[in-house]
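Residue numbering begins at 1 within each chain, and the chains themselves are lettered A, B and C in the order written.
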Amino acid sequence: MSTEQFHVDEVSPSYWRVTFDNGPVNLLDPDTVEQLAVLVDRIEAAPDLTVVVFRSDTPGYFMAHWDFLSDTSRVVGMPLGPTGLHPYLDNFVRLSRVPVATISEIRGRTRGAGSEFVLATDIRLASERAVLGQFEVGVGAVPGGGPMARLGRLVGRGRALEILLGGEDVPAARAAEYGYVNRLVPDAELERVTDAFARRIAAFDKVAVAGIKQLVDVATLPADDELARGLDAYFATAGRPEHRPFVGLLLEHGLQRPDGVETDLGTAIGRLRQGS
Amino acid sequence: MSTEQFHVDEVSPSYWRVTFDNGPVNLLDPDTVEQLAVLVDRIEAAPDLTVVVFRSDTPGYFMAHWDFLSDTSRVVGMPLGPTGLHPYLDNFVRLSRVPVATISEIRGRTRGAGSEFVLATDIRLASERAVLGQFEVGVGAVPGGGPMARLGRLVGRGRALEILLGGEDVPAARAAEYGYVNRLVPDAELERVTDAFARRIAAFDKVAVAGIKQLVDVATLPADDELARGLDAYFATAGRPEHRPFVGLLLEHGLQRPDGVETDLGTAIGRLRQGS
Amino acid sequence: MSTEQFHVDEVSPSYWRVTFDNGPVNLLDPDTVEQLAVLVDRIEAAPDLTVVVFRSDTPGYFMAHWDFLSDTSRVVGMPLGPTGLHPYLDNFVRLSRVPVATISEIRGRTRGAGSEFVLATDIRLASERAVLGQFEVGVGAVPGGGPMARLGRLVGRGRALEILLGGEDVPAARAAEYGYVNRLVPDAELERVTDAFARRIAAFDKVAVAGIKQLVDVATLPADDELARGLDAYFATAGRPEHRPFVGLLLEHGLQRPDGVETDLGTAIGRLRQGS
């Protein structure tokens, strides 16, 4: 088993602070899937927990995206999770339903699987240095972790289609305008504002937090099988042979490294696809 | 029977202006429930009515919240309303479906049950001196009048969870940014703008107003039983013995009086719960 | 058969640019319905198409609204479209589901049927000189092309009811604030920004574009029968004898001409209905 990617700081029995750390750009990979499943188990079972903050200390990156060099056969072969869904999706579905408030404290880039992760948390606070996006369309794939279902309901059809069919980088200000994140927080105050909001919820009764969230879930969450259709579409499109050469080109241009195309991935994909 | 809390000014057969008045902070109480049921009956039966404006002349308060000192056994024992729901919820459900445009003209605070009331009206115009919020989580309760169902659909999952799990005061500007209110209107123009908009609708055909609203209802209203689950959760949580001492502490600090903690209730609850 | 109202510029096999042109204010009429059906057939059948931009070169008007002087009996008698819906609605339903990104590049006024058209496209980019609106309530009618279903889901119940029951002109800035359009683009850059965004999508794989859109459809589109109820309500209300005199008055005041009441139709209707 590899090193833990999720560092859990149990600030108190009711408040955990989780820092994600996986290489220079915080990629998600098969280990992330297995370790996130364990973390969601822990959150589900913690009797007094009311709030969890997810964050990153990696300069420029919250969670870059899925690791294109990871072992696909390992991912495909993973046993199903407790919901009966593939564990990549099972993690996100279970995370969105934990009887606990979950907050993403977003500074830096979080695209693709990273965007899917923050969409599976409850509340997204973003510094003006946050960048979100679902660039998958640009590499010929349908995103697999639920953003059609989640963004469609969160920001409305028009803006969801712009984000998903355009695949552009979405800077924090536009993300806040669209409702992709809750709101902007000045970069220098991001930790302080998030921590104060979390400590507030940490002082509240779990029965109220869990009861409120359960009914917001009824009003807002997609059905599991709608999400399963998205993951099927991902495997069907991302697994095509036509998909590989362009990913190879992106890797040559610095994909998965902290500089190169990774810095402005949405823009770079458009430029490279258009051959200019 | 107590004095009428809803003063109805029948400006014309098609336009009514209703001013709410119940004590120094405009609390909702069992009399409010009974009187609102009568008012909704009247609105439903008015043949030419196309628009109703709800407003307050009480300085600083639109509707503070539910009266914590009211007779709970009287509320619990009320006979069910025409929809088969408890009358507290029945009023809001029927109000949201009247074949008439309903507008909340919001200046001052409207929290808890007051927020639930404005969410049951069609259109919310807010002066920059409006403050909304659902502070119930801070007193250990799940809100009972439908905000999980309504805010989840109105402002999206992320912002609904922030409002409901955080329980903070939501100033008018953020309420407009989130879609909790339709838009801001400069305080000095609130009556003029609301009245002009209402007079406009008052000149339109009832068959068009009613027909449009009925189809927006299909697209946007939650099912009655989703709302019923929320009221059940309220009674189960607000009725706990653990709930009472903190409400007592708030009453000592000026709850339900026009100054004291009532002015910044969301902030005050956070401070008192965190023991600082 | 009349002249083609939709001028199709096949920029490439993957990118079409369609300019609408029908008289001095771009009215929609029975010919529009028949020609749009043919165009949607073509879009559905184009094997490599991934993006279509809809636009207008008519000064001040994207699509004014339905032609009040058109032959109603011809419209009523039209054979049903492939979805089993009346072709007016069938066009919009099929357009919203084409496996292609559709973008409305909006400058000038687009009200009533014109607003319904842009709501049936995926993405709405608006210059600050765009004006949208559903004024039908002001002429005594329920809108027929789906805006109760679409706006209710796109901008939320409160803002949808304000737009539909108020029937006011919605300037571009408010349309962007409400999510009625995706966002504002500076007028001088509208063509350049829209074209760059379209060329980007034109470089992407059709399988990804179509697969993404299909799942956003699941999350966001209304059922066909909900739309059918709206068209029924339109025919029942717009066909009333009471409806005709006011339309006659509007025609006297310049309706369907590039100046007169057509310029500020929402405001003019309010003024004329209130008899001032």
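Here is the rule we use: a contact is a pair of C-beta atoms (placed from the backbone, for glycine too) under 8 Å apart; a residue touches a chain by one contact, two chains touch by 3 or more.
Fair warning: this is a prediction, and the values are worked out from it, not measured in the lab.
A.B. asks: What rotation angle, rounded to the nearest 5 degrees, superposes the C-alpha atoms of chain A onto those of its identical copy chain B?
C.D. replies: 120
A.B. asks: Examine where the copies chain A and chain C touch and state whether the two sides share over half of their residue numbers (same) or under half (different).
C.D. replies: Since fewer than half of the residue numbers are used by both chains, the interface counts as different.
A.B. asks: Could you grab the centroid distance between chain A and chain C? Build each centroid from C-alpha atoms only and quote it in angstrom.
C.D. replies: That gives a centre separation of 35 Å.
A.B. asks: Would you please write down the residue numbers of chain C that are in contact with two or more other chains?
C.D. replies: 153, 155
A.B. asks: Show me the residue ranges of chain C that touch chain A in the complex, using the header's touch definition.
C.D. replies: Its residues touching chain A are 101, 122-124, 150, 153-155, 179, 181-183, 197, 199-201, 203-205, 207-209, 211-213, 215-216, 218-221.
A.B. asks: Under the touch definition given earlier, write down the residues of chain C that touch chain B in their complex.
C.D. replies: 136-138, 140-143, 148-149, 151-153, 155-162, 164-168, 174, 177, 222, 226, 229-230, 233, 236-237, 240, 242, 270, 273-274
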